[in-house]
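One chain, subunit A, links the two complexes that follow: it is found with subunit B in the first and with subunit C in the second.
Right, the complex of A and B next:
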């Protein structure tokens, strides 16, 4: 591994070329379609029921009561958010929903716990996401944070593997070093992913601000910027995982399959293995799955820590991939 | 440009065209079947929203039904032919028909948004934006990124 051969100007040129030609190579186009359709479909699924509720309310009362709509969103979203954030299990969420539907039974010993006695007792994280920040945007961010890592491999799987297979890199290596190609293409992929994320979030935020109009513009814009940064940083470790795989195998298709298996497999193994052995749950920390929701935490120490951890994961994965790429036969 | 040098993105665009063409055929078949069986459909078990949708469809009238089916058919044909054009890197079959598909779909989305009742997906919502993604991408890509590849 020779980091002295790295040249900032070469890396900049390669990354610029790579991000500009991502669509032309096909991977960028497929990712663009998948990411836009997925991102906007998630927004559609989250926003549509609210729009229907507003329309029913307008038909019945002649006007839209934004406060009532906001309260309904919070009431429906709270148990889901608590489950997604890992604050409550599915059983606890169901019990809480049942308790809210039935009148409280003071003789029940379970009612002794403060949470059971008062189902409306909330945790600060859920409160922050649903009440302090625009709840619809929070819900969309949580789903995107879960779903986008699966989509990113469609963009990042072929950073160098296609050129390794066709031996095209040999011609490029006459003019620059391996490290510049490797890091330049990583940066180009990250820039393209960030641009796509920006398009998705700007579209959703504009729609919420101009069409749904239940949140103040400043709150929407501020939270959109935070969500965008969180999602853009979250993509980096996953792109870096794809960089390792892309630098390690000779076939783009194999690289894509391995990227999918790695990103999805870590989560699947942690969830399914965790059902049998508790310690298996720790596998999810091999990738940011275990703590990525902390990027949307109210405490700056949590979201800053999560952001730094993302960068640390990215650095480790990138260096592992670079070590492999630097020494392999091209 | 020689056919052998077709960029991967153009091939991807053609494949997406064929997939969307398949969806278009399926939706057309579904729509024809729906209209054929609409009168036999029991509405007593449906909720108010579903009933409103059925009522809106029944009120739509035959000319609009023919227009929708015709537009779907045309859009499917344009997707298929322009997809073949992308693969063969043809200027008329690829670029021109691709542009025609994109413009037709954008206009149809805007018109249907204005014409149809909300129960039938009329009005403007995020679904409308999703429907516009591919036509806009097609319009941009065949006139910029792949402009010099569609010259045969």
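Right, the complex of A and C next:
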């Protein structure tokens, strides 16, 4: 394994060629459709109830009270966000929801504080996502961060495995280093993934800004840029995991199955295993599952740290895959 | 003798199959070197190891004095037509070789000019904008040949370059190979022994992963050089004995061409003359001249004299089977 032989021009050319031809026509089209359908369905599921609420309100009062809509979104979204962020268990979320429907318990010493009227005030992360930033966009980002790693394998599973199977790589191997092919195709895949993410987020943001109009344009645009960067970076380690698998097996189908099993299996093991053994929860750190929500954290140290963790995972996975690709029979 | 390729003790195993077993030979510079062997003999494996597609279990390959484990040092100097490697089907024909030339540092216009010229050599310029998926098998093969000829490689490996081509296109490819010989060393694998004999000056024969014979075609066939003779009438026994007495004539057998193969036939005036040129001071031209002179002296008119399949006989002798037998 010799990184000194890598050639930036070759990596760039391979990345462009891969994006233009291979990704666009094959796995790229499939991913584009899956990602758009998933991303826009999520947006639809999140935005539609709000639009219905606005419509009902307008019918009843003749106008839309954006403040009331905003408060309703926060009230509904808070327990869900807390659960998704891992700040509260499902039991705690249920109890909290029940407590909000009952009168305050004056015997509780916490009720003496200013946060007494809203017990969830103890959690600045949720506040940040729901109150300081456009809540609908935050909700969509959280769901995309959970779902897109499953979708990305449809794009990334076939970075080299198809050409290993068809021996198509042999036309390239005497013209450039194996490393240039490997990293070039990773970059092409990452660029395509980023472009698709941009399309999804721009579409959703424009819709929220032009049709729903409950958030200021500047707040929407700023949070959209942050969310886009977070999701784009989050995809990198998952693409890199697929790179390892793609470089390790000779069958594209097997590569896809293994990618699904790896990405989903880590999370499933952590969640189900964690119910029985607490230490099993740590398995989620084998992939960025344990860090990724911090990309949307209010503290710069958290989202920067999560971003760096994603890049670190990407680097480690890429090197593992490169070591395999460099030494195997092609 | 300058060497273009040097193969030393090369072995490769796939599971339980020993694909190559301690193979060593050398390919002289500016030669056209034929690699022969039945299916599964290890020809493609040897090419793949030479191009570093596969990693050898033991042994080494040097091309132009460079160990192919450091294959990047040979970029632009070594090219290959791999067997059964597929181009990207959805990509226009022109785009793929243009991409290859861009990797070699050419600008897009330069690359396009070079590629169109090379596609013209193999008769594909008119379909350059079509997608690879729309091409026939023969056209894809010619595209593979074209990409191997791109640039100015010093060594070209051609794995079955004429397989699947019609006779006219196969001839065109052979002519291209001959034209390149002045500046390039070419290794060709083929089942077509006639083609290899016509094209190559050196050969190696593999069988079951082992090298069974290597050397110049001239040296390998020297002890058994075959020529087909067509005469105006059959030879009498006495005449036959007189011809067999000529120095360098090993045997003369009466044959007839049937179903594309030479068979023994007592009524035929077609003969297969086998020459043995291995003795000191004997050369082919002298023996043939003596043979023809004797025939003319007998009042017989030679109507045909063509080179026979000396290499095929040698191949059969060392492998015990025809080149396309066996599978794997």
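In the analysis below, the second predicted complex is superposed on the first by the 309 of 330 C-alpha atoms of A that agree within 3 Å, B and C clash if a C-alpha of one lies under 4 Å from a C-alpha of the other, contacts with A are read in each partner's own complex, and residues count from 1 in each chain.
Assume contacts are C-beta pairs under 8 Å (C-beta built on N, C-alpha and C of every residue); 3 or more make two chains touch, one makes a residue touch a chain.
These numbers come from a predicted model, not from an experiment.
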{"item": "Partner chain in contact with A:37 - subunit B first, subunit C second, else both or neither", "value": "first"}
{"item": "First (subunit B), second (subunit C), both or neither touched by A:330", "value": "second"}
{"item": "First (subunit B), second (subunit C), both or neither touched by A:203", "value": "first"}
{"item": "Touching partner for A:261 - first (subunit B), second (subunit C), both, neither", "value": "neither"}
{"item": "Which superposed partner A:13 touches (first subunit B, second subunit C, both, neither)", "value": "second"}
{"item": "Contacts of A:26 with subunit B and subunit C, given as first, second, both or neither", "value": "both"}
{"item": "Partner chain in contact with A:174 - subunit B first, subunit C second, else both or neither", "value": "second"}
{"item": "Subunit A residues contacted in one complex by subunit B, in the other by subunit C", "value": "25-26"}
{"item": "Subunit A residues touching subunit C - in the complex, by the definition given at the top", "value": "5, 10, 13-14, 17, 21-22, 25-26, 166-177, 327-330"}
{"item": "Residue ranges of subunit A touching subunit B (in the complex, touch as defined)", "value": "23-30, 32-33, 36-37, 40-41, 43-44, 47-48, 51-52, 55, 203-204, 207, 211"}
{"item": "Subunit A partner contacts - residues on subunit C that touch it in the complex", "value": "48, 51-55, 71-72, 74-76, 78-80, 82, 84-88, 90-91, 95-96, 99-100, 102-104, 147"}
{"item": "Interfacial residue positions of subunit B with respect to subunit A in the complex", "value": "7-9, 11-13, 16, 49, 118, 124-127, 129-130, 133-134, 137, 141, 145-146"}
